[in-house]
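Given below, in the form of structure tokens, are the structures.
Next, two complexes with chain A in common: one pairs it with chain B, the other with chain C.
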Partner chain A sequence: MNALTVLAADEFKAPGLELFDIPPLWDGAPYWLTKPVVLAVLSSLVMVVLCWSAFSNPKLVPRGIQNVAEMGYMFVRDQIARPFLGKETDRWMGLLLSIFLLVWMWNLIGVVPFLQFPVASHIAFPIVLAASVYLLKIYLGIKHQGVIGYFKNMMFPPGLPKFIYFLLAPIEFLSNLIIAPFTHAVRLFANMFAGHMILAFFSMVGFWFLFEKLTPLGAPVGVVGVLMTIAMTGFELFIQFLQAFLFALLAAMYIGGSLHPEH
Partner chain B sequence: MTTAATLLAVEGESPIMPHAYELVVGGFAFLVVFLVVGKILTPRIQKTLAERTEAIEGGIKKAEDLQAEAKSTLEEYRTQLAEARQEASRLREEAREQGAQIKAELREEAQAEARRLIEAAHAQIEADRQQALAQLQSEIGRLSTELAGRIVGESLEDEARQRRIIDRFLDEIEARPEAVR
Partner chain C sequence: MVMPAMSEKERRPEDDGRDFANAAWSIPSYVLAGIILYGGAGWLLSRWTGVAVFTPIGVILGVVLSIYLVYRKFGR
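Entry: the complex of A and B
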């Protein structure tokens, strides 16, 4: 931020990609010890601790944090896992719950004051999760349908006129094996990236016009910037939850699809 | 310093290119979360949820059993009550019949008694009448004889004859029933 004010001393400049290019925490720190790395580990640990305090010794009659965590568990089970996994829901709940909570936590850190950086806006983090799900999807598909069966079910769904397959087979192959994992990761990344950019833009507007260059004409713009920052933070909270939900939902869908090709 | 480095880096780095170290850290974080939350904690909460479902279902089952039991007991009581009512009405009917019978018997007895008393009274009256008649006959004979002796002025010497006259006289009187009754 100081960089911006130094560079463009008189003119407002909207924040850009430099928001996401973060140096190591201090001069001379290891090159990998950056804010996103620290936040990724920190938020994961917070999540682990929260879950541990909720579920380490679960009671038949839930109290306090167990109640809250159970709501999360039920949500993942009933809204994410059940529709795609049916009877096998319980077997995959561990993975899906981990994915959902981890992504949500990584996103949420984007609006925690002073930390304020969504981990998933660095594409490496969504890629790790999407790649894990992708490998699991292919492994399960081959395990449950056989190598030939898996590709046959994927590329040649039964009950269509023959000439359609010339078109459909490559499309299905592309969409299942290349596009799906890519969009799985990029959807989360892009949403968090854009959300962070929007928040940074509006807060920058507020800061610039109310503190850096307070003028009678600029002040209302600054006020709008502050109000929009607040509103967009609320919206961002919703998007963060929605993206975590979607990410886990797609994971459940891929797993379910590999277990039961007919779906 | 850092500012310049940052700006330079912007030129070279695309946000779509992952940093290798972030892949490692992300993988590590995911692994930790998956092992703790997915492998240790999820089975625990699943067990608890299953137990809770069981407890609730057990409670419902118990309540259902109790309700069924209460229902059967109520049914039993109702049956018993109905039986008791029937029994009572039967007893009442019986008592009424018995009462009627006793009343009829008493009445019959009383009538018999009354008849017997009347019979006895009749017999008594008849006997009294006979006695009175006999007495009257002898009295009338004596009075008539006396009267006849007084009228004739002499006593009839012949006893046998005298008797015959009296008898004839009495027969004549008896021939006129209104005279006696």
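Entry: the complex of A and C
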């Protein structure tokens, strides 16, 4: 061991991708049984219990948990579903409320002490949700507009000069059937991934300079790290809500677009 | 945004909101699709012919076409 490696071990090392490289829960556990999987199942259970206790025995004048859950319901109905689904809102509320609450809970777990891992920062989870919405979108489009009608309405919007369809139809196809579902999943994944990295970085700075290697020069840096961790946690809470909202909003938009062809 | 086929009376405020949100969320994916498609075609053309300028021409064509598409679909 030479002087350089000793020095390297003493230096601050920013957290990297190893944050997301999670082994099975215990030695010999099935390879798929990891922390994010457990947290995803836990989120579903929490959501089921929440909705069950709120809506299984509803009162005309809501109190307690029903009151809180109804606020969530009203938010999803008025801000997410109605603008895109209009009269058909009530039919889709079950799905949209589930998507919104589940994604929000996945995200919130990222700042719950000890759990502290945003489920959606493993891209497999948002991919499954986005793919379900994507399949539903195509199924509904074909059911309500017919196979030919669906693709015709999507790729050949009326009112354009004939020759230009040749150039624009491929753009419509790529945009609607490949890029839209891709960005639907990636937007949620990337936000949660980056948020987790930022929080890990600042808390690492605070921990390293205040506890690991406390020096007169390093201490202020550590204090900045702690303050930034607190500030970024607040910001992250906002992003977590925003991303859950956007994920459900886009789901509502895709469903609405399949029910009614764009004119 | 008023569609020519509909009169003012038939349109409710929430229709405008929906059109606006639809347009806002569709524009990036249309522009991206245009760039990938025609930029990719230009890049292939550049590789085959050895003329480098086809790639930027394709990218610009893609952006122009996708913005034209967005304009015709959601604009006016």
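Note that the second predicted complex is superposed on the first by the 253 of 263 C-alpha atoms of A that agree within 3 Å, B and C clash if a C-alpha of one lies under 4 Å from a C-alpha of the other, contacts with A are read in each partner's own complex, and residues count from 1 in each chain.
Just so it is clear, contacts are C-beta pairs under 8 Å (C-beta built on N, C-alpha and C of every residue); 3 or more make two chains touch, one makes a residue touch a chain.
Just so we're clear, the structure is a prediction, and the values are computed from it rather than from any experiment.
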item: Chain touching more of chain A, residue-wise (chain B, chain C); value: B
item: Partner chain in contact with A:Ile109 - chain B first, chain C second, else both or neither; value: neither
item: First (chain B), second (chain C), both or neither touched by A:Ala180; value: second
item: Partner chain(s) touched by A:Phe84 [first = chain B, second = chain C, both, neither]; value: second
item: Touched partner set for A:Cys51, first chain B, second chain C, both or neither; value: first
item: First (chain B), second (chain C), both or neither touched by A:Met93; value: first
item: First, second, both or neither for A:Leu250, with chain B first and chain C second; value: second
item: Chain B and chain C contact sites that coincide on chain A, given as residue numbers; value: none
item: Chain A partner contacts - residues on chain B that touch it in the complex; value: 1-3, 5-7, 9-10, 13, 15-23, 25-30, 32-34, 36-39, 41-49, 51-52, 55
item: Residue ranges of chain C in contact with chain A within the complex; value: 3, 5, 14, 17-18, 21-22, 25-26, 28-30, 32-34, 36-37, 62, 65-66, 68-69, 72-73
item: Sites on chain A touched by chain B in the complex; value: 2-3, 6-7, 16-18, 20-21, 23, 27, 31-32, 36-37, 40-41, 44-45, 47-48, 51-52, 54-60, 69-70, 73, 90, 93-95, 97-98, 101-102, 121-125, 127-129, 132, 186, 189, 193
item: Residues of chain A that touch chain C when the two form their complex; value: 82-84, 86, 157, 159-160, 164, 167-168, 170-172, 174-176, 178-180, 183, 249-250, 253, 256-257, 262-263
